[in-house]
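Quick heads-up: structures coming right below.
Here come two complexes built around subunit A, the first alongside subunit B, the second alongside subunit C.
Up next, the complex of A and B:
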């Protein structure tokens, strides 16, 4: 197991390195000059002295590989640069905002997984029953209805008409609503994946044997199908992790929550390079961490996967 | 089990009632909740438009300001007197304090301004780089690089918020509120400045909204005491709600379009004049549901604003395009030497009215055969500086200091730092050079009118609408009267509790 964890760690680190190089390349060659952006943002005089001083200070007069290595060294040692817009260290901005974003994204995803299991189980237990139809409807509807739009409707109904929540207070009710919307997006899909695998298990000889031994359909499905279906569900969560990032970003903007995504939206328009790079790295880190976590969980469920 | 004696119970009840009564004023101290689509980005007063935001949020003050009647009046200064061609003596008010409790002195204020002029080019747009020398505790000698006939107006310009630097090098201000917490792009917690004037005030939470529609929803949900800058399309809905109050007011902002002279389509002044004539201002006003057609560069209540609204004349516009060699093709669009007359028009969402106006402009220009592509961009300063546009719809307070010089100098002079139209006219520059020699208010108004006449001829800018803006107020802030555009959103009288 330890060797496996080390292997995953090394693979993740290599992926992160590749992402960092690509991100740095893309951001460095964006059609905007960070020096000119800073000059405008800070109202500095547009003269050669200022321009060359900033270029030297930021190492922009050095070759690209040297710049990348210097940025990487700073990044891994905790110096993520300063934001053009706020003048604050990017690491500080992210440190104060990440818990909120992670809370919504990870909380929503976890909630989705927990909701998907009973829903998918009920759907598999009685194909074409209420739960089966509900899970199908949910899976299709959330693909057609953006979380942003659904959030707006909920603000209107729960906040404006019924006054049950304070939608822009950034309070616990809003966080729960945002997390619930993230969960809603993934619940239907995860439930369908879980159901499909359970149904497949019902074709297996050991399932029929279990029934023959006197277990009810519910007992046989749970005892002999759940682990395999859970494996499939965890696998599907990897792709849902990407969706969760997008949905969280949209909801942070909608509810005015001070997370990293809202900070990013403003930083894109300002071409705030340090923030853009940090965000890409954080998102890559999130995806790799999710992958690693899911992979370890799957291995625990099915040790044969390691072979 | 012992029974509680009646007397003890009564005493406890009285105590509880007293406690509750004592707690009642605490509700009056509840934070006022203000919503806006803009928020201070940095506490550095020299960064970007922080000077404007700091004054707008009630954190900073300037030496002089434009009051609600549009008059230039002293704020942190008591007076300013000219002592030489380039020298002024500024006397500060006594008994004023920074929010950390240190007294306002000439040396402290001079230190802040010196820092501003070292770092900010915009601050130097009118008078060049200013230097400051302390004469005595409250008197500053100010030396300008260029002659400035009305230093009061210069010190009312938005980059020149007054502050000093503390031992940590952080700016400390003098306004009625101090920054308790700033979360960029999200919210700002303001604590009353105990050293302002001794009046008790409620704290204020200023929340930034990504768009005005969402802010209107928050106002409807009862989450805001003040929603500043409501979109015009929700006004009828909000006004139908008996519990909500919406107030509209004329602002000093102007909506106009920069016509980029460096682009091939607009290098010919006749094409620019045609565009200016083709746009129907009445339709723009109807589209944004408020305001009036622009008469020129300034809001109509200023004495240096022309009287007559800008003309629209499609026939004349078409004639100018014919004369310029752009002929109508069979598809109703114009071309010259086989090239279509196509331009790119931009707007930015931070001012939603501009986005509303964009398709109206497109439709108006299509009537005279100009094909217009439209784009909405968030990085307005980037795009404007890059020059990759033909028309850029823009919102700007053109007389924030109550004087016309700053706008014309910074945005239209040949070497102006924000000359997005790439306009270069010796004649125009010579006209506005008059600002540096005359301090007479009437004479300055005359210079501004002459300058605008020149702009009407050359059309580096098409002046479109003098808008009205809208704010929503809760019952708690029902006495709030908006004025000064968005330069004084949070004011000393707003959060007073006694």
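Up next, the complex of A and C:
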């Protein structure tokens, strides 16, 4: 088990390194010159000495690999650069905003996993029953309806018509609404995955043996189908984790919640490349952490799956 | 099956026509006609600057459609070529291609597109290219596993035994067998591309506010949710209709 954790850790670190190189390359190709932006932002005189002094200070006169390596060394040691716009260290900005974004994304995903299991189970218990139709409808709907528009409609219904929530207030009710919207999409998708795998289990000989032993359909499904279906559900969590980031970003903008994505949006007009780089790294770190967590959980469920 | 394609063609025709002809200039501001109710002159009414909502929706539909086309073309062509070629070449070249494809999956498609939009500005062209390139990863992995399945078939062994070259093997024996299956995937990707482009425009990184998009219209009109909710209903319904139609047309029925 320990060896396995070490291997996953090493692989994640290697992926993170590759993503950082790619992201640094993309951001370095930014058509706008950070020196000119800084000069405009700080009202410095536009002359040769200022420009060359800033270029030397930021190391922009050095070759690309050297710049990348020194950025990487700074990043690993916790120096994520300073934001042009706020003048604060990027790391501080991120650490104050990350709990909100993580709370919405992770909270929504956890909620979805717990909601998807009973829904998917009920759907598999009675194919074409009420729960099955409901879960299918939910899956089709969430694929077509963007979460941020649903959020906007809910602001209108709950905030304007019923006056239950105060929209654009960044209060706890709005955060719960955002988490619920993230959960809704994942619930629809995960419940279908869970149901499909349970139905597949009913074709297996051991399921029929369990029925012959006198177990009810419900008991047989839960005892002999659940862990396999849970495995499929966990595997689907990985792609949902990526989806949750995009949804959280749009919802932060919609509700005006002070999360990392909103910070990125505000910083981007200032062409703040250290914020952009930090954002990509945080997202990649989140995806890799989710992948590693899912893989470990799947391994606990099925030790044979060790590749 | 036939009804689906007819409906899809009708929607496609409507969108293309809407891209070239609108009842009004979508950017014409008329402050005397703010928030006009739907009428014969303005079928969906006007917005807070007196611009014709229907005309703006039509232009936005055309912009969304061009994104979907670009995403589908780039992801489909690039991904299936890369995945198939990797499977045929095998060895370290396959490993590198697959690792590179996984790299794009580590950072979600939307975030790569967000980065591209932040750097180059958001337009249907940049969004289409960014979403398409980021979508190459999943296509490559899918076509790679499908190709491996075909490569195990006897007729491929026979062709190899006859000395058929790799490019020819790919074009004549592998791709005709894998492309229909990959094409099914295009449908769900196209639906996702509509939502992704709407999200990008809604988040608004580097987008040109004078050019209407369904997503940016939702962002612009969200403040009028209290007094004029219909302004934000129409663009949302358009996104839902287009995504649902794309998903429905390409729907992969289980068992078929």
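In the analysis below, the second predicted complex is superposed on the first by the 306 of 307 C-alpha atoms of A that agree within 3 Å, B and C clash if a C-alpha of one lies under 4 Å from a C-alpha of the other, contacts with A are read in each partner's own complex, and residues count from 1 in each chain.
The criterion applied here is as follows: contacts are C-beta pairs under 8 Å (C-beta built on N, C-alpha and C of every residue); 3 or more make two chains touch, one makes a residue touch a chain.
Owing to the predicted nature of the structure, the values given are computational and were not obtained by experimental measurement.
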item: Combined model on subunit A: subunit C and subunit B, fit or clash; value: clash
item: Touching partner for A:106 - first (subunit B), second (subunit C), both, neither; value: neither
item: Touching partner for A:256 - first (subunit B), second (subunit C), both, neither; value: first
item: Which superposed partner A:166 touches (first subunit B, second subunit C, both, neither); value: first
item: Subunit B versus subunit C as contact partner of A:265, first or second or both or neither; value: both
item: Contacts of A:156 with subunit B and subunit C, given as first, second, both or neither; value: both
item: Partner chain(s) touched by A:125 [first = subunit B, second = subunit C, both, neither]; value: neither
item: Which superposed partner A:86 touches (first subunit B, second subunit C, both, neither); value: first
item: First, second, both or neither for A:294, with subunit B first and subunit C second; value: neither
item: Stretch of subunit C penetrating subunit B in the combined three-chain arrangement, among 4-12, 22-30 or 148-156; value: 22-30
item: Footprint overlap on subunit A, where subunit B in one structure and subunit C in the other make contact; value: 152, 155-156, 159-160, 167, 253-254, 265, 268
item: Partner subunit C, residues of subunit A touching it in the complex; value: 15, 18-19, 22-23, 26-27, 29-31, 140, 143-146, 148-149, 152-153, 155-156, 159-160, 167, 242-243, 245-246, 249-250, 253-254, 261, 264-265, 268, 276, 279-280, 283-284, 287-288, 291
item: Residues of subunit B defined as touching subunit A within the complex; value: 35, 41-44, 46-48, 119-123, 159, 183-187, 207-210, 214, 217-218, 220-223, 377-379, 381-382, 385, 417
item: Residues of subunit A defined as touching subunit B within the complex; value: 32, 36-37, 40-46, 83, 85-88, 93, 96, 152, 155-156, 159-160, 163, 166-170, 253-254, 256-258, 262-263, 265-266, 268-271
item: Touching residues on subunit C, where the partner in the complex is subunit A; value: 99, 102-103, 105-111, 114-116, 118-120, 191, 195-196, 198-199, 202-206, 218-219, 222, 225-226, 229, 232-233, 235-236, 239-240, 243-244, 247
